[in-house]
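One structure is given below, encoded as structure tokens.
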Amino acid sequence: LRGAASGLRFWSRRQRPAVANLAVVCSRSMASKTPVGFIGLGNMGNPMAKNLMKHGYPLIIYDVFPDACKEFQDAGEQVVSCPADVAEKADRIITMLPTSINAIEAYSGANGILKKVKKGSLLIDSSTIDPAVSKELAKEVEKMGAVFMDAPVSGGVGAARSRNLTFMVGGVEDEFAAAQELLGCMGSNVVYCGAVGTGQAAKICNNMLLAISMIGTAEAMNLGIRLGLDPKLLAKILNMSSGRCWSSDTYNPVPGVMDGVPSANNYQGGFGATLMAKDLGLAQDSATNTKSPILLGSLAHQIYRMMCAKGYSKKDFSSVFQFLREEETF
Amino acid sequence: LRGAASGLRFWSRRQRPAVANLAVVCSRSMASKTPVGFIGLGNMGNPMAKNLMKHGYPLIIYDVFPDACKEFQDAGEQVVSCPADVAEKADRIITMLPTSINAIEAYSGANGILKKVKKGSLLIDSSTIDPAVSKELAKEVEKMGAVFMDAPVSGGVGAARSRNLTFMVGGVEDEFAAAQELLGCMGSNVVYCGAVGTGQAAKICNNMLLAISMIGTAEAMNLGIRLGLDPKLLAKILNMSSGRCWSSDTYNPVPGVMDGVPSANNYQGGFGATLMAKDLGLAQDSATNTKSPILLGSLAHQIYRMMCAKGYSKKDFSSVFQFLREEETF
Amino acid sequence: LRGAASGLRFWSRRQRPAVANLAVVCSRSMASKTPVGFIGLGNMGNPMAKNLMKHGYPLIIYDVFPDACKEFQDAGEQVVSCPADVAEKADRIITMLPTSINAIEAYSGANGILKKVKKGSLLIDSSTIDPAVSKELAKEVEKMGAVFMDAPVSGGVGAARSRNLTFMVGGVEDEFAAAQELLGCMGSNVVYCGAVGTGQAAKICNNMLLAISMIGTAEAMNLGIRLGLDPKLLAKILNMSSGRCWSSDTYNPVPGVMDGVPSANNYQGGFGATLMAKDLGLAQDSATNTKSPILLGSLAHQIYRMMCAKGYSKKDFSSVFQFLREEETF
Amino acid sequence: LRGAASGLRFWSRRQRPAVANLAVVCSRSMASKTPVGFIGLGNMGNPMAKNLMKHGYPLIIYDVFPDACKEFQDAGEQVVSCPADVAEKADRIITMLPTSINAIEAYSGANGILKKVKKGSLLIDSSTIDPAVSKELAKEVEKMGAVFMDAPVSGGVGAARSRNLTFMVGGVEDEFAAAQELLGCMGSNVVYCGAVGTGQAAKICNNMLLAISMIGTAEAMNLGIRLGLDPKLLAKILNMSSGRCWSSDTYNPVPGVMDGVPSANNYQGGFGATLMAKDLGLAQDSATNTKSPILLGSLAHQIYRMMCAKGYSKKDFSSVFQFLREEETF
């Protein structure tokens, strides 16, 4: 990857020379670390915030569910009572929220960040939301003299814990180094994607392709098995051929083909069908807004919608293999 | 890949010790090579037959179009007037034909192979056809005391010329070594897939997943571009994320993203949309026969069908990106 | 419907003057009725054959399951031991069989009709099969100097009992009157569709559109209900608007909207999902053969395929509403 | 239709006794008619407003394009400079706007209706927009002590001119009579659908089913033609069978089958593919919001999206038949 030539700017823990971290200094960080605000301490936010703590950042914490803050309070971090109060005490804030609605509330609500945000603050939203909403929030933030970046993550709870998340970052390029300083504490890849909203766009496009590949893998594996092929053998043939994809070679949905993946564990853990349906809903919205045809993407959305309606909500999204498969009792 | 442990038996030119070829001896080959029959000298059959010649096999040639044989006649190979005559003069025969109908005619027709096939002959069909037809042919061949294997190929005309085809072989396992001897002269991978028909099954499943991944990649790239992402950057993000697939990292359909692929050359060359539509038709038939749901596979079939109706027949199948894209004149 | 002007020739019991039946005389019928062969006495064939008996036709009966013939034997009809024997004793034969394979066996098998068919015989196949197979059978029948017509039916077991079937007839137009004489005893509409195979084509196209409309109605009703509309009111609005279709106004899939339809009776009776999946498989095959794109038809096929895999096989095809609906236990 | 029994309340010009109009009196109308506001004088709004004029209502007019108002000004109607001014001068207002964004602007914008709306005013929005937006507007209107109803129309420009529109009305039932007084001047059917937003819901569901039926009809007709059926004959068979739908019997998409429909006139006039794509986008949004699976509806959306990208934007939506059909030049 020749980043310079191609326009790709990304930063990987493995490739970074040891001194780089020292060199990353921006106007917002000082010799001793200033506090970082963190709003949204759910399944993902919790381990992300802990990784910031491990890197020595004092935190200013808020979550709509007070219980979610307790652990941090016990650890000596400061808990406040609304997003506005976070903005009052920290000039760098990470938000990690489940939906567009929650993000709008946290930024523009009656006690939202924008009520008390300081000029020059850096607000990084790691929620996965509609890129049109990210752009809207960025406009409002800019009016207040602050900076907004969207930085949704790829990788689940496990990756959040082990600091292996990938952040896809959209926003003004000059501020990317400042964002890297924080995001690099929580993930192994931080990729600059372009203007505000492109972080969301990259994530949405990736997850749409992921959903399509996964369902395609499930269909191909199921058809092959019915035609008499051994599942492990079929997976190997696909993986050395043009059908190869992450869903076939790294996260195969057929029980017995791979170890250490959700299909080996009754589809528990992993990335739930509900979350995939949510991301496909965002792809659908973005496609409708931009009038882009997404024939397979749209059908993939409906399939995950059906799965949620039929009891697969909490199973890993690779359980589409089970959903397609003939039930034995009939 | 630990073939022994997993049941995958494949043979790769690169991994083979130099002496292996000498050791591959079966009842049908003698010290000096006996003739091999070759039926179907089209775009694929022509370079495949030439590679057999290069390995020193005398050929017995037949094609419904006499012109296709001329080149081989000039080179001193023997041309006969029907498949039956091929079977009379050779006890190992390769068939490479465009459709199920052609294969049935070549084997079971009035002047077909079965009319004069010798006991113990090895008949290898490299056509891509319905696995149900392969099974039917195998039954008829077996009645005559001969052996039938299906061995469709992956890879196009270029791979056929450079001896880089992959053969997916179905049939009695004891005969696989004998098939390898010949197929290894024409391709770099020869994979044993299981009982008769599983070679076709493996190819069909791979190509169905390939079609799905390619359309998915085209949709994701198109959506991302409309959302403001740079195509090269988006491709790189996908390729280091869970959306990664052969269609995104090796054969990207967006002009300007990669060199040396059909999208860099106005979608010329490569694997035509018509051929993909044909393979998806076989997937459709197989799915209907086995009552397997293939939601995305079936829609992919219809999309390639539409493309063929709209003038993309001869373009590479990655031109689905162009098909989805808004036309500039409107 | 002005049949003469438009090219539609059909015959309806209601429109026929009482004397018409007497006037329908063809070369094969005499003053006292000659025997009619009937092959296939299943759920549909049984009541159809009984209606022929009621019209005074002596029957020559065959079914692969001897039990299916017993009732007719007890009633004094002649039961024979193979299709060839039917053809020896009757010069008009009706076949009513479940699949293409069964039809091929009955006509071209070792003891098939063609082994003993008399010149000038009229063979009418009321099975629903691939039109390509109908054409093939017609060719073979013609070689023997006999006449073949395809005449699949619309309407289920109830319609068969009450003589309310619709027959869609393909074959030589000169023979249509002769076919009418028999088919008119078993159904209320006999429609001439054109050359051999067009009867099947008409049925397949109708049932594909039916499947699409039914799923569409189920989706629209389900969406409307979730948006707060009363189901009965929504059905009425659709039925006076451009969304109106047979599935919404005559066979509504939502429980409580209409009486006397399967949705009012837990989707029992009616036209089973398996049968719809079979007909959509024929549409798929025909579309693949003719290279016609059927985007919705193909997806409808997959949806019924899924339903069969999930326990809806024997439920009426309108149960797709239930399949789409969110399950309450989750 | 037994409206009383079933809960359907609708009002049809044809069924109305001549005296009914006199009886329709509500608090907002007086002996001589008070002015009615009209915002949005586009292709649809123009003839609708004229029909109000013909019934003797003085109008208060506003459109973002001043030219659209000129005709009305010349006819003596009062033109004002913003929606707020309309609200100042009229206590009954009709809005007819192209998108959700425009409706939000007209109601909640800086110079929107809500800035000067009088208590007790009746605001009827005949735009086709997201039902979630209708509900949001209704809330805001209610806060000002006024009444909001959504009343999207079915029927195009022709129906608007000839006063044959159907209005689907959502809102408080007590206000329905007041809405009827005005809407009945512009359309022949005014249907009460339930709470605010259900008017939109009914329209969206109808149009989604319409799109599905139309594409299904196009696919079935195209497949049948390729299988050798005469198009007129096939249409007649469908129309007397279970495939019957409005798209097959009233608006057949195949040229030559019917007169007086867009398919008879190179798909000019009628309901453009762009408008259908817009309505399907609303269905998509509503389905995503309510988590309803719409497999065919979603694919229909993508098909109309593709058509718009390929030059069919302005053709009638029945031109999907042409889009599916093989092009003759290839």
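Note that the chains are named A, B, C and D in the order they appear, and that numbering of residues resets to 1 at the start of each chain.
Convention: a contact is a pair of C-beta atoms (placed from the backbone, for glycine too) under 8 Å apart; a residue touches a chain by one contact, two chains touch by 3 or more.
Predicted model, so just to flag it, every value in this text is computed and none were measured.
Any chain that touches chain C and also touches chain D is listed here: A, B. In this assembly, B is the chain whose CA centroid lies farthest from the centroid of chain D. Contact count check for A-D and A-C (C-beta pairs in contact): higher for A-D.
Separation between the centroids of chain A and chain C, computed from CA atoms only, is 53 Å. Each chain gets a centre from the mean of its Cα atoms; for chain A and chain D, those two points are 40 Å apart.
Residues of chain B found to touch two or more other chains are 287, 291-295, 299, 303, 306, 309, 324, 326. Note for the complex: chain C touches chain D at residues 1, 6-8, 131, 154, 166, 168, 189, 191, 193-195, 197-198, 201-202, 204-210, 212-213, 215-217, 219-224, 226-230, 232-234, 236-238, 240-248, 250-251, 283, 286-287, 290-297, 299-300, 303, 324, 326. Considering their complex, residues 277, 281, 284-285, 287-288, 291-295, 298-299, 301-303, 305-306, 308-309 of chain A touch chain D.
Chain C meets chain A in the complex at residues 299, 306, 309-311, 313, 324-327, 329-330.
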